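A, B and C label the chains in the order they appear, each numbered from 1.
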Amino acid sequence: MNGVKKNTVAPMFQLNNITKSFGGGFSLSPLSLVIQKGETVALVGPSGSGKTTLLNIMANIIRPDSGQVIIDGVPAQKLRPGRELSRRVGMVHQQFDLVDQLPVIHNVLAGRLGEWGLGRSLLSLFIPQDKHLAVHALERVGLSAKIYQRTAYLSGGEQQRVALARLLVQRPAAILADEPVSSLDPARAEDLLRMLVGFAREDEQTLVASLHSVDYARRYFSRLIALRDGAVYFDLPVSAVDDGTLARLYDLGEDANGEAICQNP
Amino acid sequence: MRVHQQVADLAPHSTGSIVIKGCIWQRLNVVRVSILMMVLLVTASWIFLFTLEGASLSGYFSAKNLYHAKELLGNMLGLGAETPAFLDMTSWHKALALTYETMQMSVLAIGFAGIGMLITVLPAARTVADGSLTLTSTWYGWLVFGTVRFLYILSRAVPELVWAMIIVFMFKPGILPGAIALGLHNFGILGKLCAEVVEDLDWRPVRSLRSSGASWWQMLFYGVLPTVTPKFLTYLLYRWEVIIRTTIIVGFVGAGGLGQQFKLSMSWLHYTEITLLLICYFLLVVLADATSGLLRRFVQ
Amino acid sequence: MARQFVKTHDRAILTVILVAAFAWSLSAVPWDSTVIHAGGKAAILQMLKAMVRPDLSPETLKLALVSSWRTLAYAVAGMSLAIAIALVFGVLAAGILVTGRGRLAVMGFFRGVLGFMRAIHELVWAWLFVAATGLSPLTAVFALAIPYGGTLGRILADMLNDVPPEPIRALRASGAGKLQLLFYGYLPMAMADMTSYIMYRLECAIRSATIMSFVGLGGLGYQIHLSLQDLHYNQVWTFIFFLTALVMLVDLWSNQLRRGLVP
């Protein structure tokens, strides 16, 4: 469905044989992935399987020890932080990572910082710039009533929606979400996921989200990538995932050195 | 500390039990040694006082001293005085003018201290120097860090009054030397407190701004400043309260305000004037506490 | 609308108020050549020059060492007395020993006493004591202990009131009396915070003991005073650096202790 767009040739993310290890003996073994534009991908797997590390590598926040990361056709090491990167990749975190002390509107407009110069961003703290973008984004996430509230006063679910509104203003080509709903109760979690996936589809963005719950992953996403011990355990379209496969993914007792069941190129 | 936190975030399977055991052992040790040192220090101090310094309890609580104390109290309450100063309008007028002046001195002092702190606080934060906040660490960053931290310690180790003694050598008596002395001392204290605020900053929202494409300066204005401002303002107001209490002290060496008059009245043995000045001082302290409390509630 | 504006920009408004206050205070100073002494500039230069060349002759160093000990001894003696005062008054002001109708009255009274003790600066206390009884080592110790006892007592009372109620209730249920509650419940729970606060106040006490030189007490402050009068700036800096080192040592100790106390 996204094949009609202009620069269709380059996939959104292309990872070739990347590895990463930390002092604690925790690592990503050689791992390769291709994610096309417009895909909605869920990363699942037991905690410690390397989901966060993988997302951080895709966001170009950390560099792999070896291997190649290509974001939107550009090698990651050539993308400097700032506008070049923020137009391609935006990220939501588990802890929202908003500036608590700022009113909601400034946290949302922070999505424009890559586009604004210093002067304009300072002026905006007193007279909000591009205000219509923030208003529109907050309307879409259903928070327009709280536009001038201090962010710290919002509930967890509301803060997560503010983070979402910031992404709507930033409009990156791809959204990376690290456990976006793990600190929310089930009802709010579903709301937020529905919104996140819905917006990504509407705006033709790529979405990669790590999730604790396979249930949510199957319900809202089109492709599932399971990680286990830093390697791809399976990589399947949602329709091909069955309960048995999932049970084996989370079964830690036996099958500790379980092989990959299916490697989708 | 911060590095540990980061590693812990990324690697949940770290083997922590041995480390924790080591910590407990060390902790008890530090506490035990501290208690022992404290007991020794206290004992040594009191022995020193009662032997080499010649302190004597019976000599102190003697009938003669009791008589003198009663006499002082009587004099201060204006017993036997023609017109006690605290019942005299012109004296009140003069004292209130001095109170006003003292207030100005305190604001000037906290202003000096605050400006000095704001200029130096960022390089004085360890997280800025080692690059964990801004992602760049340089040798001159460490040099500036060391220098500023040394200045902080020096200026806070020296009491206001000693700064004032030095500064009245250069400036003529008035509120300016007093304000500079108070400002110098509080610069060190504010600097230390505020640098710690910057060090304890949650860096995740700041880094998150980075991924929205913010530059170094934008991270400062959107991430760092909004987060530290409430704490900075609270510390400024709190130190201002302390400064108000200390203004009277720097006045002793000729740095203006209530203190200067206090010392003069002392040497002229105008006891009722002393009472009046103490009343004004007391009022000033209460007023400042109330104002600062009000303003603090404003930022919370 | 106006309310909304104040709410959104409250910190900006406060900052403006503070800046305006500072401007007002600046206007109180006659900004011309009359603020500085004729030889003031030269004195500043000499002072700064002396800073990098402190007097390190053996006699001065020995004097500085002895004076440092004297200052420290007075600070520690004053602090120990202040802690004793704080324990008695703080516990009473927290109102945990008294129940029933008199509780608020007792709390109010002792909080008032503590407030009065700390409202007056230690040097003013010292001056009053000297005027009443003449100079004695105990004058300095008492002058230090009263305001410090007031501050510590107030903080202790606050900490005791903030102790979590559940363990206290459990102790009471197991039949502990009021004093037992105090020694098995309240005091142990407030201990860690209180200790780090005491260490911080010890640092302040060293400074206060230094300025007691004003009522004639020996020590670092007195030496600084003498050297300044003799215009021996190099010596002034020697003593200042000793004072700095003393404060740094206490600071270091208190950091170590705090790390040991906080789990």
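As a convention for this text, a contact is a pair of C-beta atoms (placed from the backbone, for glycine too) under 8 Å apart; a residue touches a chain by one contact, two chains touch by 3 or more.
For clarity, every value in this text was computed on a predicted model and none was experimentally measured.
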Taking each chain's C-alpha mean as its centre, the one farthest from chain B: A
Innermost chain, taking as reference the mean of every protein Cα atom displayed: B
Approximate Å spacing (C-alpha centroids) for the pair chain B, chain C: 9
Centre distance in Å when chain A and chain C are each reduced to the mean of their C-alpha atoms: 51
Chain centre separation in whole Å, for chain B relative to chain A (CA means): 46
Chain B residues counted as touching two or more neighbouring chains: 229-230
For the chain A and chain B complex, residues of the former touching the latter: 22-26, 47-48, 52-53, 59, 61, 81-83, 85-87, 89-91, 93, 95, 97-102, 106, 110-111, 113-116, 118, 121-122, 125, 166, 170
Parts of chain B lying in touch with chain A, wherever the complex brings them together: 7, 10-15, 204-215, 217-218, 221-223, 226-227, 229-230
Footprint of chain C on chain B - complex, ascending: 26-31, 34, 37, 41-42, 44-46, 48-49, 53-57, 59-60, 65, 68-69, 71-73, 101, 104-105, 107-108, 111, 153-154, 156-159, 161-162, 165-166, 169-172, 174-176, 179, 229-230, 233, 236, 245-246, 248-249, 252, 262, 266, 278, 282, 285, 295, 298-299
Chain C residues within the chain B interface of the complex: 10-11, 13-15, 17-18, 21-22, 24-26, 28-30, 34-37, 40-41, 43-44, 47, 69-70, 72-74, 76-77, 80, 119-121, 123-124, 127-128, 131-134, 136-138, 141, 207-208, 210-211, 214, 221, 224-225, 228, 236, 240, 243-244, 246-248, 251, 253, 256-257, 259-261, 263
